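Once you scroll down, you'll see the structures, which are given as structure tokens.
Shared between the two complexes below is chain A, which pairs with chain B and chain C, respectively.
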Partner chain A sequence: MQKITREQLIEKASALLSNSTVSCVLGWGMGEFDYDVTPTTFNSVEELEKGFVFSDFCGANFSKYLVKKAAACEGKILVFLKPCDTYSFNQLLTEHRFDREKVYVVGIPCEGMADINKVKAICGEGILSIGSKGDKMTVTTLYDDEPVSIDAKEVLAERCLNCKSKKHVAFDELLGDEGDVIESNRFDEVARLEAMTPDERFAFWQNELSRCIRCNACRDACPACTCEKCVFDNPNSGVENKSPANSFEEKLFHIIRAYHVAGRCTDCGECSRVCPQNIPLHLLNRKFIKDINEFYGEYQAGAEEGQRAPLVDYTTEDLEPGEVFDRRDSDA
Partner chain B sequence: MQRVGVFVCWCGSNIAGTVDVKAVAEALKSEPGVVFSTDYQYMCSQAGQDMIKNAVKEHNLTGIVVCSCSPRMHEATFRKTAAAAGLNPYMVEIANIREQCSWVHKDMLSGTEKAIILGKAAVAKVNLNAPLTPGESPVTKRALVIGGGIAGIQTALDIADAGFPVDIVEKKPTIGGKMAQLDKTFPTLDCAACILTPKMVDVAQNDKIRIFSYSEVTDVQGFVGNFDVTIKKNARYVKEDICTGCGACVDKCPMKRIPNEFNLGMDNRPAIYIPFAQAVPKVATIDPNACNMLKNGKCGLCAKVCTAGAIDYTQKDEYIEEKYGAIVVATGFNPISMDKFDEFAYSQSKDVITSLEFERLTNAAGPSAGKLLRPSDGEHPHTIVFVQCVGSRCESCAEKGKEYCSKICCMYTAKHAMLTRDKYPDTEVYVFYIDVRTPGKNFDEFYRRAVEEYGVKYVKGMVGKITPEGKKLKVQASDLLANKQLHIDADLVVLAAAIEPDKSARPLATMLTASMDTNDFFTEAHPKLRPVESPTAGVFLSGACQGPKDIPETVSQAGAAASKVIGLLAKDKLTGNPCVAGSNELICNGCSSCANVCPYGAISYEDKEFRMPDRTTKVRRIAVVNPAVCQGCGACTVTCPSGAMDLKGFANLQIMAEVDAICK
Partner chain C sequence: MRKCSLDKLNLIFAEIAKDAALYLPADQTDGSAAYKKWEEGTALSDALNTVRSPKDFFFPQTEDLMKFKTQGKNIDIIDIRTALEDFVIFGVRACDVKSFDILDRVFLTEPVDSFYASRRSHGIIVSMACTRPSETCFCKTFSIDPANPAGDVSAWKSETEIFFEANTQKGEDFLNKISSLTEECDDTLVATQKEAINKIMDKLPLKNLDTSAFGGGKTNELFDSPAWAELSQSCLGCGTCTFVCPTCQCYDIKDFNTGNEVIRFRCWDSCMYSDFTKMAHGNNRLTQKERFRQRFMHKLVYYPENNDGLFSCVGCGRCLAKCPISMNIVKVMKKIGGNKSE
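Take a look at the complex of A and B:
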């Protein structure tokens, strides 16, 4: 499915390692299964050839890893970024979370990444291996004698179905085109929730969030959640490390998190990708993005480094709080 | 654990009438930390304060909760009481059970219930209070006056008189403002120029006063005692220090058909001009939109005739940065636009004019050299109709007029009518009014003279429609007292247009973080007791920027503002507010969100080395708050994603404790 191959990436990384442009490579390493790919640092060509993988399951957004990895790498660190990752990259730069000089960005094209849950929905559990051939995916399971062939488009992740941009907004070098911002229907689902009555909406979120096990995966993967110490880990904050004692707390964790990343979230979708309970957490953030667009004009976090986000900026054209209520009333 | 004393005030019957104060004192006794709880008629009185002091000694109190009026009223009082009893003044919390409780509740039951809840919140907060010590900041002993009309001039003169340097920033090429455009002044009828221009000269000659004319304030940073202001001196293409104001350039300039703003466009001026003979500074200014040399590089006549060599076509806008201890806003007013008042035919006929235009028509230095002539044909008008309250007191016409009374129109219209009858007794003068408002020293006498001695025809009622017909203006009006319709063929109609704050006031208020009302008049810190101070410390109000005013009122307010400024500048140091933000460097991400939202520019960043748990060191970017600049607004604390930023005296934990106490 991907236009670019593992070999091309290894070749690029090896060249940059060999000519000493970089001394480490942030890439994808093999996990237990083919679909279980893990961000890994490679320090040599040998390591790359042994462990580097690239497939339709390389969805992880590497930007956040740079906060720790860039400082830890002796020289520059090479990072492969998909278009959506570059927005997070800029946003983190805006927040001074790593040193741009320490990073060498190679932008890679992306055809959309696969959602393993969708694969499992078609092929069932017990997946042994997943191969890729053109637009098809061949899935071998414990229970089928023959590998099952499925259409890669059918198992695209939600965030890739609603891809907002194929444009690389930050890079040192590109493998492929710079790409363009594209039209997407990513706010349709938010609009559907907005159209609900408050009771229906409450029931919807109650149902979704009740599955939360407070594993913190959403927070840990989120490129906007890079605090030195998260309020949920800080004993002095009064809200630290609580596993949800009741439905109120499990909702509050996600709502507080959505508030903390409001105006900073680039809509990369990592929160929903990593959620083991398949809670559509990205919808909370998208609601904020939609509101910010409507209240302050179109704003895409991370589109440029150093942008002033509407929520931490003041202009005389800003709408007055009262206007928010006027709009709400006129909608009703 | 704190030892908290609770003091519930009756405020006479203000609180005790709706709140069972004894029940409140009793209920708060069992709150955590409370060791003493009582009530008293007037806690702020000497006896009440003594009661607090004694209780502190007797019960070894470490914290005090006073359930009384708004902290804006008496927080300072009770802090002093605590200090006198040996406590840190910031160990006092006020529960507002008057404005937020007894005054808004009608029945004892709900009033008492809420008072107890508010008291519990204050107790919960004071349990987490820590002693705070305010810092000090120096005072820059220089004042800035924004606006060079009579208000600004008087304020500047009074401040300079006390020995402090003052700068006036005026956006026009000369100081003088609206008063310079007036002819005579009510109620004594002395000529405006005769009393204003000597003051303008005083300003020019005072070595404590600098005038930045043709300039505007573009940026204000800092805080009371320490404002950093950027002033943009617009290029006037004439070197101010060399120009002698001889006027040779003005005479020779070939671009002579530019509408003259000073005469409200009723005559023309050249592209290089001096607004009027007594202008201060008396320096020519080139209008860049009209000058052929600046637009097309052709001409250059003024440079040729200037013997002083003052013309400089290459002059650029200049930005000046200066420090000030106090800022006085004196941005004044303008008549509102008459464009939307079609019924009065202002845009259809040259002979329908505003009162300010009438001033210029009767002024000896005006377009008609003081002869009252119709603008359309230069003939003497025999019937003049004055219409009062055009756009004033207009609740139904909010989209084009103003709801408020413009205050000065009744008097200047009486003046215009009287002067017209005095100079031209053959002229019939009508004044249409809603009410005639003349509260001022010798004002009513003045108005009665206009009616009784000069025979001005005052008609109670509004003009409905004015239609130009040939040389006449057909005026349809109603006489409410006679209950009949009037039809008058007038030669000239004068509209007493409502006045509004200058358009520059709104952006200026944003720069100063000074508040405004819905009409864009600056708000005073207290409408009765602090009328010349804005709620923003160090910003003072002078003249019509605060509300419609006549000259005597403006001058008295200007003097009052000056005295407040002098009081501030006389101090060497100001005691700061200890309730400022601070960043916990251990959890700060250095993300800059706080600096982005800080309206005072109080936050900067530094790289600091940290020892990590694994004994390595790490350099991280962290936020640092300048406590002298921080005003304690708290914007940073709610923006900080990690909760590193906190406000002393209003810590996140304290506020959460209050919320918890209220929700329990």
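Take a look at the complex of A and C:
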């Protein structure tokens, strides 16, 4: 499915390592299977050739890693960013979370990443290999004598089905086009939830959030969650909690997190990608984004470095709090 | 050995549920499976395994231990334990059954954990053979046989029938209760299924995972390996691996002050978390590398050292499937211990 190849990326990274533009490379490390890639720092051309991969399963957003890895790298760190990752990159820069001078960004085109759960839903367990050519994926399994051919579009991750932008909003150089912001239907599901009665909506979230195991993967993968000490991890905060004591706390955690990233969330979708229980957490954040768009005008976090989010800015045109209540009353 | 047709499985569930709470893997709305309490209409999932392991039944994620109430200078200690009733966990895979042995060695040795012991004595385990293991399965590494799952009763499911065999007195009693719905049979079909499972096991990509570098006594050799830094470099520090793991057994005990009483509870803890085993002097594992190392050293070195060489991993593959960065015990074992197959 991807138009850019592993070889092209290794060639680019090797050239930048060889001419000392960068001293290390943040890329995707080969796993046991064709889908379990691990974000990995490569320090030499040999390491790249041995372990670097690029495939339809390279969904991880590298921007947040820069908070730690840019400082740890001796010289500049090369990072490959997909268009959606660049929004997180800008947002983190706006929040002064890493040193821009330490990073060399190569923007790479993205055709959308695959969701292994969707592959397994079609092909079952026991996947031995996954190949990709054009619009097709070829999957061999323990249980099928012949490889199974599937349409790559069928296994696109939810966030990629609703891709908001193919535009690189931050880069030092590009492999491919700069790309454009595109039309998406990403708010359709939010609108569907808004149209529910409060009881239906409560039941929807009750069902989804009841699966939460409080592993914190959503928070720990989230590029907007870069507090050095999260209040929920701090025994001195008085609200530290390691597990949901009841269904109230289960929801509280996610709602507080959604509030905390409101106006800063770029809708990268990492929260839902990493959730071991497939909770559609991105819908909470998208609700905030949709509201901000409707209350304050279109706003995309991370579109530009240094922009002021409506929630931390003041204009005389800002709507009055009462108008929010009016809207709530008209919904009910 | 006894069997019944799958059409009658629901009747069996109804019969079991008359005297005991029955829990079984059921499909969830997101496509995964979870243990649910059976009620009329609940269907047994065909999923290979549940996202959460069945350790929850004996060692729940949160559990109230006692309450304190102060009045003037008096403190009342309130025992909140209640009598448990028998319950049945149906459809437990061989790896998860083995995880109970690993937990038993922690909770049932002196001082015995009475909360765990009570649940354990009330639980009846009906295991289920795995006919379609996943590429992430490596239970054979730990001498677990998915064709012969342990438990009070072992079960095998074909397209049309289900077969039961009791392994314990509890299991005999269980099969007696449902005897009117089952019939005696020989083990020809089950033997065929076992053979088919063994053939699949020989094709699994992780079948040759090597444990020889690990075990008791390896602390000094492995603790300072430079590989820990590399392996842990992208670890997010979330608790996914520990919370989906059937053998992770660490917990924290905390007091929750409601204003007029204090509830002392325990909850799962994770060695991946920054305040894990925090003591008065501060924290003894300051970086993610040390936290990460703790998890794998515990499973592969410390636990076997204290438990006759038994590793505290059962090869269920949950961490392989669920880690957000796809780092897991298999990658650790291959990197640090080498691999026969490579």
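Just so we're on the same page, the second predicted complex is superposed on the first by the 327 of 332 C-alpha atoms of A that agree within 3 Å, B and C clash if a C-alpha of one lies under 4 Å from a C-alpha of the other, contacts with A are read in each partner's own complex, and residues count from 1 in each chain.
FYI, a contact is a pair of C-beta atoms (placed from the backbone, for glycine too) under 8 Å apart; a residue touches a chain by one contact, two chains touch by 3 or more.
This one's a predicted model, so the numbers in the text were calculated from it and none came from an experiment.
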Clash or fit, chain B versus chain C on superposed chain A: fit
Partner, of chain C and chain B, that touches more residues belonging to chain A: C
Contacts of A:G75 with chain B and chain C, given as first, second, both or neither: neither
For chain A as apex, the angle formed with chain B and chain C - C-alpha centres, to the nearest 10 degrees: 120
Touched partner set for A:P39, first chain B, second chain C, both or neither: second
Chain B versus chain C as contact partner of A:T316, first or second or both or neither: first
Contacts of A:G126 with chain B and chain C, given as first, second, both or neither: second
Contacts of A:S237 with chain B and chain C, given as first, second, both or neither: first
Which superposed partner A:G297 touches (first chain B, second chain C, both, neither): neither
After fitting on chain A: smallest Cα gap, chain B-chain C, Å: 5
Residues on chain A lying within both footprints (that of chain B and that of chain C): 229, 234
Footprint of chain C on chain A - complex, ascending: 31-33, 36-41, 60, 65, 117, 121, 124-128, 142-143, 207-208, 211, 213-217, 219-221, 229, 233-235, 240, 242-245, 273-274, 276-279
Touch list for chain B against partner chain A, complex: 507, 510, 586-593, 596-597, 599, 605, 618, 620-621, 639, 641-644, 652-653, 656
Interface residues, chain C side, partner chain A - complex: 28-32, 34, 48, 51-52, 61-62, 132-136, 200, 203-206, 233-234, 236-240, 242-244, 252, 256, 265, 267-270, 273-275, 278, 320, 322, 324-327, 330-331, 334
Chain B contact footprint on chain A (complex, rising order): 71, 94-97, 226-231, 234, 236-238, 260-261, 264, 308-309, 312-314, 316
